[in-house]
Every structure is written in C-alpha cells, then in structure tokens.
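To keep things simple, chains are lettered A, B and C as they appear, and every chain counts its residues starting from 1.
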Amino acid sequence: MRLPVDLVVEKRTEDYPKWLPAATSLAAVILAFIISGIILKLIGGDPVQVGKFFWSATFGSVATISDTLVKATPLILVGLACSVAFRMKLWNIGAEGQFYMGAFFASLVVLVPILPPDAPKPLILLAMAVMGMIGGAIWGFVPGFLKAKFAVSEIITTLMLNYVAILWNNFWIFDRWSEGGFQMTRLFERGYWLPRLADYAREYPTLSGITLHLGFVVALLAAVLVWWIFDRSRWGYEIKLIGDNPNAARYAGLNIARNIILVMMLSGALAGLAGMSEISGVVHRLQERISPQYGFTGIIIAWVAKLNPFAVILVSILFGALIVAGREIQPSGLAAMLQGIILFMVISSDVLLRYSIRLQRTTTPVTAGSDA
Amino acid sequence: MSNKRLWSLLALLLVLVMLVAACAPAATPAPAADQSASAQDTPAEEAPAQAPADTSTDAGTYQIPTTEEGKYNVAFVYVGPHDDGGWTQAHDQAREFVENNVADVHTAYVENVAEGADAEQVIRSLARKGFDVIFTTSFGFMDASEIVASEFPDVDIIHISGFKANGENFGNLMGSMENMKYVAGMVAGARAKADGNPKLGYIATFPIPEELRLGNAFGLGVEETCPECTIDVRWIFTWHDPVLEKEAASSLFDSGAQVVMTGADTPAPAEAAPDGKWGITYDYQYNCTNPQCLTSMYWNWGPVYANIVDQSRNGEYVGGWEYFDSDTGGMGLFGFGEDEELMPGVASIPEEDLAMIKETYMKFLSGELDRFDVFSGPITDNQGNLVVPEGVSLKQEDLDGFKEFGSECETCMYWWNENISAELPSLD
Amino acid sequence: METHPNAVEMKDIVIRFPGVLANDHVNLVLKKGEIHALLGENGAGKSTLMNALAGLYRPTSGIIKINGEVADFHSPRDAIACGIGMVHQHFMLVPTQTATENILLGLSTPRFHINLAKYDEEILALQKQYGLYVDVKSKIWQLSVGEQQRVEILKTLYRGAEILILDEPTAVLAPQEIDELMATMRSLVDQGKSIIFISHKLHEVEQVADRITVLRKGVVTAEGIDIAGLDKRKLAQLMVGRDVVFDVERTAQKPGEVVLSVRDLQASNNKGVPALRGVSFDVHAGEILGFAGVAGNGQSELAECITGLRACRGQITIDGRDLANAPPILAIKNGVAHVPEDRTHVGTAPNLSITENSIMKNYREAPIGNGVTINRSNARIYARKLKESYGILAPGVRTLARKLSGGNLQKVILAREISTDPKLMVAVQPTRGLDVGAIEAIQRLLLEQRSTGTAVLLISEELEELFSLSDRIAVIFHGQIMGILPAEDADIDTVGQMMMGTRLEEIEQEQEAAP
C-alpha cells in the first residue's frame, strides 16, 4: 500500500512556540474524553448521556460548581506540593502522609486544645494552618534529611512514611481521641471551622448548602506563591538548576543538601496545608480515610500540569469534577478510568513537543531493498 | 523505517474504530420502556424523552441517580459496592424490595462512597436533586446525614447503625441482630459438639458496644447447645476488608476453632474454612453458598424500609432512635426460612439439638422471644463475676453503652461471657 | 570474495536526520589490509557514517558493499555477521564485570553456564596473537582507559571482526598508550585486518594511516588520498576549509604577585585512593601555569580541590586567604573561575537556557539578582551581551544548552567565567574534543586573561597547547609534581620523561653527567 502522502516524523530542531505545551495538553485531555467515550460505548454505556451528566453534575449549577471546587481544593494543594518537589527531581510520593500529618497537627489545636473554640477565629485558623504546615514539613524534612545526608532514596522513604503517618493518625483516632470507640475524634466545635459560603445562608438563603470554603482561596494564593518562587525568585532558579544538573549546581556554589531539605519541607508543608484545609473546611473532625488518596492523585495532577502551578489549578478542577461526577455514576469506577486515560494521553503528547509531524508528498522510493 | 511503523499504528487505530462501530449497536440494549411513565416524565435536564429509565437516568449500562416526577423518590448511599455479598448488598436487596413492593416509588443508589470527606457532598447532591428519602447505610455517614438533614427539612434522612437523630427529618435505624447471633451460636455449639471439637471463633471489628453485645449473644447461644465450648476472638478493626477478614478466619481455624462466626462484612469465614470445619457468614442472605457455610445471619431491611418510606410519604416519619426486633421480619437465618433448605452442615446436626434450634428461631421471629430474653440472667462473665443475676434482664442502655463513652448504663456492655476465652479490648 | 581488493565500499551514502543532512553523497573505500583514516572536524559526519557501516543507522540512500557484495544492515547484529566491529568513543562495557565477561556479553553462546576459565584461555590466546594484553580476570572499573579500550577491541575480534572501526580511539589515551595503540593497529593490519580510524588529530593520522578520507560538513573533501606527500597544513585546510594559524601569539609579560599558593596538598579520588600526595606550587598574576601529565595522575582532583569541589588536606591560599576545604561558594566569591573538565555534566545545565547558564555564577549579585528575586530582563541583556562578544552561535539566548555544539557550549562557560573578572582561572582540558576553529578561539581567550593580569592554571593533555600557551609548565605524575620548568626551557623529551615519572632534578643531573 502506497499512499500519495507520507507522514513525516522529525525531531524538532528549533524551540517550539510557547503555546504548544498548553495546546498539546488540551488536545490530550479532549482526546482522552473521546477515547473514554469509545470505551464507554464498547461496554454498553451511552457516552452522550454520561457526558451531559458530567457537565450538569460538575459545572451545571452554582451548587455543583461549589462541589467541584471543594473537591479541587485539596487537589490543588497536593498538586502544588508534588510540583515543587518534582521541579528539583525529588520524587516526593509522600504527599499522602504529609497530608495526614498536616491534618493531625492542625487537630492538635482543637484537641489538645492549644486554643479554645472561642478564641478569635482568625487566630485559630492561622494557628491550625501553621500547625498543618509544620506537620507536613516535618514529614517532608525526614526524607529530605536522609536524602541530603545519607543519599537514601526519597522514593522509598516518602512512600514508607505514608504508612507511618496513616498508622500514627489511626493510633490517635482509635485510641486516644476516639469518639464512641469509632475511628474518629469528636466533631470540632464551629469555632474551628474554615468559613464556608453556607455559613451565610441565613442572610443569603441561596447560599444554603454551598460548601465552598476559605481553603479554596488559600489554595489559589498558594499557587501564586509557588509560581512566584518558580519563576521570579532566586530560590526558584536554584531549584531549577539543582533539578537539572546537581553537579553544575554544586559547581555554581549551591548547598545542595540544604536545598533538598528545604524543598522537601516546602512540599510537605503544602500537602500538610491541604490536610488542614480538609479537616477544618470539610470533614470537621480527624478520622480515618480523610484522604481518598489525594496524595497520589497529586502526583498525577503535577504531571498532567507539567509542574506549572497555574495549570495545577485547572487540572485539579478537572480532576475534582471527575471525582464529583464520577462517583455518582453507578456502578462506580468510571472516573478512575478517565483519570488514567488523561494521564496516559498527556504524557504521550509530549512526543509532539519533541517531534514535529507533517504530511509530505510521496517521492520515489529511495532506500535500496525496500519491501513496501 | 519510522514511517512504516506509523502506518501500522494508524491501521491498528482504524481497526479499533471499526470494531467499536461494529459492536456499538449490539452493546447498548435499551431497557424495556415503561411507556406510561414516559408520557408525563420529562425530568429537567438529563433523562431523554424516548428512553425512560427504570431505576434512574439511563446512560446505557451506567445509571445516574436522578429523580422521577410523579413518584416518591428514594435514594441509598452505600459505603461499598452494591454487590459486595455482604452489608451493602443486603441494603441493595432492600432497595429492590422497596422498588417492587411500594407503589409509585422510584429508587436509586450511589455506591462506594468514602466515609468522611465525600459523604456530605454525595448526600447533599441527592437532596438537591429532590429525593424525598435518603438512606445512608454506613456508620461514617452520620455527621454528613445530620448536616444535610438540617439544610433540607423536606427530605427525610435515615442513617443506619448510628446514634444521632434530630426529632424531625433525621433519624437512625438498627435492629437487634443479637437475636440471630444467639441462634447462630446455638447452631455453632451443636455443630462443634457433634464434631467433638469444643472450640469456636469470633471475628470482631471494632471495640464498640455492638461488637461485644453480638459476641456475647453468640456466646450465650453456644452455651445452650454446647456448655463446654469456648470462643476465641480476633479484632480486625474494619468492617469491610476481605483479605484481613480471611486472614483472621484462617488464624482462628489454625488455632483449632471448629466454627468461626464473623461480625464483619464478607463471606470470609466460610471461604477460609478447611474441610470438616465451618463458617457462619453475616449480613447478606445469599452469601452462604460455600458448603462449609452453616448459615448466614442476614438482614432483611426491605420490609423495614418499605414501612419507613410509607411513613415518610404520609408525612408521619419522625426522625428518632429506632431499633427493631426480630418480629418485624427485618432479619433471619439462612436455611431456616420457608423456601430454604438447611445447609448440609446444619442438616446433619443431631435431631434433638436441631429441633431446639428451630424452635428458638421461630420464637424469635414470632416475637415470643426478644433481645432482652437473650440477655436475661443468670449470666457470668469470663472473670467469674455474676453480670446478670437470675430473673433479671439487661436494659436497652446496658445493651449498647460503655461508661467510657458517656452512656448512662448500669451494667455496661463491657464484659465477655464466661465461655469467651479472650481478654476485653482496652478502651483508653 | 577473498579475491576482492576492497573490504568496504560505501557509495553515494546519504544520511538525513531531522533538519540535518549528516552525510551528503559520501563515498569511502577501505582496501583490505590498510589503515584508513577518516578525518574531519566535530560534526563533520564521521561518526554518523561509521554508525551506518556498523548497522546502527540505515542510510537514507546509497549502497554499502562488503567484500564486493551489497549489504543491507538492519541492526548491528547484521554488521557483526559481516565481520564489522566498531569500538565506540564511549566504551560499552559493564564496569562491575570482568574483561572476559564483557567480551562474552551479548553472545548467544554460552547459553546458561559459563565456564569462565575456558573462555579466559581463549581470550588469552587472542591477546597473544595481536599483542593486546589485559588481565582478563580484572573487573572493568579496575582497568585503565587504555586497557578498557583493548577489551573493546578484543570484543570485536572475538566476534570475528575483519573490519575494525575505531571512533576517535586516541581521545582518551595518554601519549604512551597512544603509541601502544598505534602498534596494535599495525599488528592487526599485518594479520590481515582492515581498519577505519576516525580522528581529528592531524599528527596521529600522519603517523599511522595509509590513506585518508576527509569529511567536511557531511561532504567528502578528499577521497582516499595517500598519506605520503601531504603535509599537516594541507590536511588542516581540507578539514576546515581555511588556513589555520597554529601558533597563537604570546607576548612577553612579567608575572605579578602570587595569587594562588598551594602547599602540601593531599586528596583522594572518587574510589578513595590517594590521588594527590603533597603537591606544592604557586601561580602568579598574569601568568599561565600549565599542568602536563597523563590523564588520571591527579589533575582533575587538583582542580576540584582548588575550586572547593573536593575535600583535601594541606593549604590552598588565594590572595592570602586559606580556602582549603571551603565550600565552592567561597572560591567563587574570592575570584576563582573554573572551566571544568566536563562541560556537559558539571559546567552547564543541559535543559536550562543560555541565559540561565550564563548567570550561574553571578545571579546572586546586582543587577541580575537581589537577595530574593532575579531580574529576568537584566539576565537576558547580560546573556545577549556575552553571546555577542564571545561569538556564541545559537538562535537566541532562550536556546537550551543541550542544543549547543561542544565548542559553543565551551564558549558559554568561558564567557561566563571570564565575565566574573576572576583573579584565578582554573581551566581543565578547555579545548578537548573541540574542532580546530573553536580551539583557536578558546586559546585566544585564555591568553587574553593572562594579559589582563589573571592567574591562569591550565590543565591539559595536549602538550602542544601547553607549550604554546604556558609561561611555566608543571608535570604531575602519580599525585606528585615531578618538576616545574619555564616553557622556553621545556622540550617534548624532558616533559615526556617527567610524565613517565622521572623527576626534573634527575634529568638535569643526567644531562650534567652526560657531556
């Protein structure tokens, strides 16, 4: 078979335009939806109906948009946490554990208690946020320190520390702070809750059940901060340099060990903040399974967003939407499949950044011994 | 070269697309349409006019829970998959019962909802869509149910296995499974005695009053048929973990147990039982399929739910603390029902024991016996203390309270019956 | 086929890469039993052409004949089957396995059990036949670079290679190892093998090749001409297409104050073996001190100690400040510039832009950095300035470092280092692997540094380079300085002896005793 045109795949020799990565990612996501639709059709579903439902369940009304953003909030923070570490090629897969430690430390404010429920609310929330970040940062510090001083692989330590954090959390909620013997602490008093739009339902009845909380704003600010660190700050340049070539960084006079520890702590602090935001904004108590694997979803988000903090926001909202809509479709499991396909497509789409593909008129065969 | 490879890839894609096209028509059987319903049925956004759903918005094999106009809409929130062969499937069976036995009702479910973070959004989303009654069937949905109930006063939310209620549209519901555990204990004791191995096992979930109560009920039942039998306990700290539960069952069998009963969700004890040993399963009527299974202590939520749905429609539902006994038909033992055959391990129990078991079972179903009869004295704990003297029965608060958790119980459920060889769980 | 006079005939070979025409209708004929040199600048397409012969690439068009028969290689395996063996510039050996194990690696026999002793003997026989001696039981990492190369050659011979391709075999070798290699090549040819020898070093080619083919920018500029009657200058012209001025001008200049003073410096290499055993010397302002020595005698470690990259004992004073064991940042702040030995792995960050690579040393200071942020427009302006004044060829300052050629990359490094206005410049192998044009540019930059009063420590394995650039030459052997002598007094003989481990005093004593 010989077609009048050849598909020519060439390695790009020049820099690609600035918009290309965003365009390919967007195309990859759309393609992922199309492929999922085909699979859905194959297994007997109705992609159009499912698609319509996805839209109405996620962005169809103010209430569902709120649900989507609530879901996106912890995802943005863990996505940023992973992006920060990945920038320096530190494979922090411990965001899950850092999330739990953040939640635990923030709970200390409530359960010790460090501050009474009638203390000024800004003070309480600030204390909880700071404690959450400290908790996450400690959980980032340990693998960072081991990596910096003893070259212990952070992949192993962060992974293992996930389990330690979850079990540590379990010890407290099963044993010390258990309510009624169940795997949870008592419900936090209102004073410890992040303000939600629903809190103003009395004045504005339309806000009833709109659970979007202050954590979302915090997550957006965190994204701006991370962007500033990456793109504008001196430290961001150093992170980039170390990430790309640690030898060159050392040669340029950088203290790599210190930076590894600092970056791991920043990464942990962001994940810890996500933990604080979830327990103070959504769950309102420390309990088992406060994270349906946010920490691991964060890894996927960071990759799909190509470590760009603003893209992390968009991808998190997309993934939040997938989770919100996906769990209502019965039987469940569709959302996870979509996530997987999106990740796969986006990673594959990188090929387009490295190669250019075009059509070319077929010329006479050139290769000797062609068996076409 | 690379061109050739690309072409073959394109060809493969083409084949794939054609395959999809070929399969598509066959793979989407439209569910039998209920024409009468579709006539007035035009739910706002999703449901297509021509293809009305039988249970919810139809997207091929996928169901999306939405309400149907003109019907009374009931939603269920499950913690596990709807076909888990245990707790959740028992509820799903009840959902089908409601769908089929209550007039003009429409049901839908959301499965695999994580306790905690996700639950509130899911329940709220259902309330928002206009469901009239929502059953939330896991302990961890309690707070979420309470919050959403306060936001939607027109929606009745019934939480299973909790302890909160608001006296209006939010109530809790549970039943006295201790009755069935007691009879199951009689079965297990008789079986072990007949096999000549007086050792039994109990897989317990969490150190909460319910688990001690059910274990003690089982122990008291065992005592009826096998006074010399002893019971060992394994704590697994989960409701649903097939692997862990199976490991616990194996551990009990390995340490000599002849029959293992479970307080968790899966048919693991029967699956783990080696030849000549036996397991008793929980929650779902039809999960006792393995020949090693003696019986399942099952929930039959259907009649109870149907009743609540009727109450709700008539505006009579008051959210309170509801604890039904076995005379409601809300529970049973598999194999002892009218159309059922006894499992081989039960059928071969000596005649006089079997007769006594059957008689006791019937008394519980008829209401002649109830949970307070299970816990009537004399009862001695495994430290030799007399817990309940002759002629006295425990009160409801004694049945479900620990002092440590603020209960006003006098004889709290913090003891093990004398034939249970385990230590009490630590509560601090 | 035994009768066919030509081992290899490549006709009209075109090899096209995305955006690049690597070989443009190239012809090459390798006669049986000859050493054929393939000469050309970096990027002329020599390696590409040879990779096609070794089955790694398929040419876009053209015909390859082996012993007169058309061959169509789909993989290196096909090429090996035709008796072609290639020794790559970067060895493909497993460091933790023995020589024998590496030679056997990838063969279909033995399948499961390896009777190493038996194969050791086979390989020993092969060694004897060609004079390629290596301890077969040694692990690769224990062998010197030259020995590793011999393992690579043995590997091809063991697979029955009749045609050997050696890709820049001398680039990694010490002078005496080069001589040994030349002898080996002769012995191989004497026993009927044919060799293609890639190089861009003119004098080596003159020494060993029978005929040469010269490539320039993918085109053959001289096809199979006999070596006799060609002079060096002519060859260079064929390679670069213009006359090369080899003698860079070095004006006389009086050295200034002592800038760098090293006393009794000791350090270990990466394997923990002592690499520097008490080295002492001074470098003055406005002086180039050249360090000669066979690779691996402590030069790399010396440079790393001075720039703070390696732990050491002893004294390193720069402008009177003791900086031994100080972190690299202190060396930078005290005016030490460093052109590292490894351009890609140490000197630059490959996925960062030219801009980001240019500010590596001065991003901390105004106008590029303040304490917290980096002024990106100032950084770009700075990088553009460097790009222009140092003639760095790249589309723009946003171009990633990994897209630059070796010469341009080295220019980025030199531009960056020189712009910090250093007191001391430590340059390690600054011209290694560069083409003639780039070498000249780099050498001029070093001399400019000298004339502006910078102390330059130049570590090189190119004796010619050291001789033409240095004011004084130190020779290091086995971690010790064999002697330091003024460049005017140095001759290849003396330096060569010192590089082999004879102290300068001993040579002088001999010379005094001789007449």
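Definition applied: contacts are C-beta pairs under 8 Å (C-beta built on N, C-alpha and C of every residue); 3 or more make two chains touch, one makes a residue touch a chain.
Just so we're clear, the structure is a prediction, and the values are computed from it rather than from any experiment.
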So the chain most remote from subunit C by C-alpha centre is B
Min distance from chain CA centroid to global CA centroid: chain A
In whole angstrom, the CA-centroid distance of subunit A from subunit B equals 35
CA centroids of subunit A and subunit C: separation to the nearest Å works out as 46
Between subunit B and subunit C, the Cα-mean centres are separated in Å by 75
Going by residue number, subunit A touches two or more other chains at 367
Flagged in subunit B as touching 2+ other chains are 1
Going by residue number, subunit C touches two or more other chains at 58
As the complex stands, subunit A meets subunit C at residues 10-15, 232-237, 240-241, 244-245, 247-255, 355-356, 366-369
Subunit A partner, complex, touching residues on subunit B are 1-4, 6-7, 10, 16-17, 20, 23-24, 27-29, 45-46, 48, 56-65, 81-82, 108-118, 120-122, 124-125, 127-128, 139-140, 143, 148, 151-152, 163, 206-209, 237, 402, 405, 427-428
So, in the complex, the side of subunit A touching subunit B is made of residues 1, 6-9, 38, 40-46, 49-50, 52-53, 56-57, 60, 63-64, 67, 70-71, 174-175, 179-184, 187, 198, 201, 208-209, 211, 278, 282-285, 287-292, 323-324, 327-334, 367, 372
Subunit C contacts subunit A in the complex at 14, 17-20, 58, 60-63, 70, 72, 307, 309, 327-329, 331-333, 338, 340, 342, 345-352, 356, 359-361, 363-364, 369-374, 376, 395, 398-400, 403
